[in-house]
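Chains: A, B, C and D, in written order; residue numbering restarts at 1 for each.
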Amino acid sequence: MFDINKIRKDFPILERKITDGNKLIYFDNAATSQKPKVVIDSLVKYYENYNANIHRGVHKMAEEATCAYEEVRQKVKSFIGARNEDEVIFTRNTTESLNLLAYSLGELFVNEGDEILLSEMEHHSNIIPWYILRSRKKIKVKFIPITDNYELDYKSLEQLVTKKTKIISLTHKSNVLGTVNNIKKIAQIAKANGAVFIVDAAQSAPHLSVDFQDLGCDFLVFSSHKMCGPTGVGVLVGRREYLEKMPPFLGGGEMIRKVTFEDFTTNDLPWKFEAGTPNIADVIAFGVAIDYLQNIGLENIYKYECELTEYALDKLKQFDFLKIYGAKDCNKRAGIITFSNPVVHPHDIATIVDQYGIAIRAGHHCAQPLMKKLNVSATARASFYFYNTKEEIDLFVYALKKAFDYFAIGACNELIKGKINAKQNATTTR
Amino acid sequence: MFDINKIRKDFPILERKITDGNKLIYFDNAATSQKPKVVIDSLVKYYENYNANIHRGVHKMAEEATCAYEEVRQKVKSFIGARNEDEVIFTRNTTESLNLLAYSLGELFVNEGDEILLSEMEHHSNIIPWYILRSRKKIKVKFIPITDNYELDYKSLEQLVTKKTKIISLTHKSNVLGTVNNIKKIAQIAKANGAVFIVDAAQSAPHLSVDFQDLGCDFLVFSSHKMCGPTGVGVLVGRREYLEKMPPFLGGGEMIRKVTFEDFTTNDLPWKFEAGTPNIADVIAFGVAIDYLQNIGLENIYKYECELTEYALDKLKQFDFLKIYGAKDCNKRAGIITFSNPVVHPHDIATIVDQYGIAIRAGHHCAQPLMKKLNVSATARASFYFYNTKEEIDLFVYALKKAFDYFAIGACNELIKGKINAKQNATTTR
Amino acid sequence: MQNKTLPQLDDLYKEIILEHYRNPHGREPLSKVNYQAEGMNPLCGDEVKLTLQLDSENDKKIEKVHIEGHGCSISVASGSMLADILKGKTIAEAKEISKYLKEIMHDKINDTEIDIGDLEALCGVKKFPVRIKCALLPWTTFEEALLGHEHVEIS
Amino acid sequence: MQNKTLPQLDDLYKEIILEHYRNPHGREPLSKVNYQAEGMNPLCGDEVKLTLQLDSENDKKIEKVHIEGHGCSISVASGSMLADILKGKTIAEAKEISKYLKEIMHDKINDTEIDIGDLEALCGVKKFPVRIKCALLPWTTFEEALLGHEHVEIS
């Protein structure tokens, strides 16, 4: 059923040679995923056969393009378990979806003195839009702390939610820790306190089976490019009760019903929130990506990624000086392994493994506050997707070992083990 | 030099058959343009070879993708005559660029009682963002009238600009009338009155040689999809003096310098205005589109389109009952022919010519206020691009004739000529 | 060279449709208004204003329909036919016809056998998906008018 | 199977760079501060804090450099070398060295012949474009420090 060799053949880029003789090993999937041929083909098919602006055209191609575009809404609806396709809005990316919400919900019901509740493990995309809202309305932004096990501190959460809490906006799965938060539980807390609950599913939608209705949140956002789809497409799923009352975010063609020299009225949902010519080709290709993922099966993807993660964590045990962030239980951090060590800087690690054709990420992963909390300036992150293999992990571990060896010439070996501090050691060897 | 047969071969879609035996004749270019093979190929090349998230990656593909993406900024800079590439910002489309400006300039310096000056020929994209701003700040939105020659009324313009006018935002070329406005002249008026001047170049950038510095405006916006590039990419070019002071629009990854649990600082230009994962693949392909257009030469494109327009207008003379909107002088309305007639509704015309494989647009063209001004509810529009031919125009005129004939069976012939009014005529024939 | 025969078009523009378009019915003013609504297709700008006058003795029967606005041949003809066919029908019957037409347009199987007169001619629109909205605009507006009234009754 | 020899890496991580990284210079506190600036690379999180102490008799000469922060081997080594090489240089000479290094990194032709000592080892970074910023961070911060001071003088 889950045939990894067959799957790998679907991704042309996996044949790419990065350095002489070294094939690409792509472990930067949390940043963006690779695309199967069917998705790429669909772009070509669109531009070579029925490229036209949508919704207002009478001619054949406009009709074809409109149908294909709107069909993807249906697909997203069933993929994510939304109630109705008019609750599915296309944006550019997760970031834009969150900005739309911060702006529009902000205009709708956030007032001076109100509070927005985020967590310490949020991506910048789920922090800055709220800081920007705070600059317009005098509100407070609070952060739910994380525990020593790299999980949300649910006790603190319950204390932090008050009558003033208008919005709770949390990541479903951390892009650094891999932690998967208990959204259902939080949805209940949010509901009990009358807070609107937004879930950032940028890291979960590609890897877990996510059901909007089952989760019980009010809004859910994610990006096409992290789930085999093209860049330039994001999704915002929300409850009609809110979407209908919310003021428009971007104004222009498509989102209007009637415009006069005096005023305008907005179009029906979902178009009310889609202004201007949409990213038609990429939305259509995103539909193909969803089909592709569903064909493989999100459960299969999740299971396989857990397997990979467990395998990798086990292999990494040999580097006893490595600090690995995230839950011990693989099922709770599927696919993401973030680590640091006292001697070799994440950037140097990334550069060295890159020489072996291995792409990992090093830095703050757009989560500077979390880095601060973890008390590091940067970390290295390997993130898997269903086309990765154990053999690739073996090579990664091999390359990592080379990196540590490289930096640990002579006495530095000692240093890596953290037994002697850097300065003492250096003075004796010089 | 300008070899139309060679050019047509660059566009795979022109081989498409719409109805049995009828090849596509695409006259809906003002809505969106078709794409040459090199642009489509560049998408495939990106996804098959170096798809990676940009700017923060250390690995090889991240570096390649970042370079390719940033190179396009250079290309746009020289294409549009900007001073510096950090004054070039990538958005989703013209609409988003205008919303960004309305929001950010609005926050920066628009206050109660201020005025925004638009014109009667604006696209909804250049009206609604200002209406939305008006809903937050108590300001006035005023419209410069158009003359009987379908041009801007420059006299009224000068009267409408006052000390209260904070922003003037105008289209360079009308998507309905084809009228090209005298931006240089208006830029002087704006400057003299201390107003910020925004130019909507969505319809001009694809067809005319547009030079930002020469025009003398403060901001210029346009869309990739109307100029041989993919959907999902827009451009905002602006003066650094403003961009530096303007508050950010969308918040998230990429646009920040430093984020803490308390606050954030913004990144340098242009990234300050590019939040989240950009539409990397499409921006890179847009760069290829720019190269392609520059290879052909904007002057050549303009000249050829004028030729086509003159030819078409001449042929349309045979339908003496047609009302054609726009300047008499072809050089002032290159490429766009909008018309109506008292009997056959634009929708019916579009459906009938569609049967001959001809794609034109019918409706309000996202310019409802202008329709009101022209005193019609809808019009038909044929809009050309450099890959169109006189033979295609001949077929269009043939199909149009069929449409008129179709509706003019029997006494209705008379009707079309406008000699007898509909009701009278109908009662006599029944 | 483009093909010059257009069999499909004759399905769309049946002579009867063109006749209704040229000489639309339902333009005479009403003596009273029981239901009314304005319909609009934001995509193309077509507008319909529809008013119903019920039987003065029996509020269940439609005595007369007035319809005006502007639009393409399909929406105008459809409105004209609506004015013809709904005249004298009970509201229940009228709703049935409206539902029936919608189902035909969206190619849903429908076992009901209703005599829809000239409306039959509209069925050709099915083959032109973008134009279905044009054909249904007057009917949607009709339903809105009824709902509007019902809505008023409920609140 | 991946290739296991990595000739390129030796260009980047010359032994002298690793030595500076392991034992960075310029960590001793200064007795006074004439110029200072903080540099940061927002993409990777590297941070540098640089302070300069000038010759007490002759304000034109750099007596000592203090540098701290955190970063990768390249930025730390570059900072350490900066502390070494700028010691005893006039500000004009120091600026010259900074300019020279930048030009080398961006592959611009430069006819100047300056003895840059250990800095020579940094030239291998050229082949790793993403890492150039790491190598230049301390130097950009140094220039900012000077500018900052000049700026204060001007206003």
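Quick note on the criterion: contacts are C-beta pairs under 8 Å (C-beta built on N, C-alpha and C of every residue); 3 or more make two chains touch, one makes a residue touch a chain.
As the structure is a prediction and not an experimental result, all values here were calculated from the model.
Chains in contact with chain A and with chain D: which ones?
Common neighbours, chain A/chain D: B.
Please flag the chain sitting at the greatest distance from chain B, going by CA centroids.
D
So what's the Cα centroid distance for chain B and chain C, whole Å?
36
Taking the mean of the C-alpha atoms as each chain's centre, how many Å separate chain C from chain D?
79
Between chain B and chain D, what's the gap in Å when you average each chain's C-alpha atoms?
Between these chains, centre-to-centre, one finds 48 Å.
Among the residues of chain C, which are close enough to touch at least two other chains?
43-44, 130-131
In chain A, what residues contact two or more other chains?
19, 56-58, 62, 256, 258, 347, 351, 362-363, 368
For the complex, which residues does chain B have touching chain C?
On the chain B side, the touching residues are 19-23, 25, 344-348, 351-352, 355-357, 362-364, 368, 371, 377-378, 395, 398-399, 402, 406-407, 409, 412, 415, 422-423, 425-427, 430.
How about chain D: which of its residues touch chain B in the complex?
Residues in contact with chain B: 40, 42-44, 129-131.
Mind listing the chain C positions that touch chain B in their complex?
2-4, 6, 8-9, 12-13, 15, 18-19, 22-23, 43-47, 70-74, 76, 128, 130-131, 134
Provide the residue numbers of chain B that touch chain A in the complex, in ascending order.
Going by the criterion above, the answer is residues 12-13, 16, 18-19, 24, 26, 28, 31-32, 34-35, 39-40, 43-44, 47-53, 56-62, 92-96, 98-99, 102, 107, 120, 123-125, 127-129, 131-132, 135-136, 143, 223, 225, 230-234, 247-256, 258-261, 263-264, 275-282, 347, 350-351, 354, 358-363, 366, 368-369, 372.
If we count contacts the way the header does, which residues on chain A are in touch with chain C in the complex?
The touching residues are 55-58, 62-63, 67, 256-258, 267.
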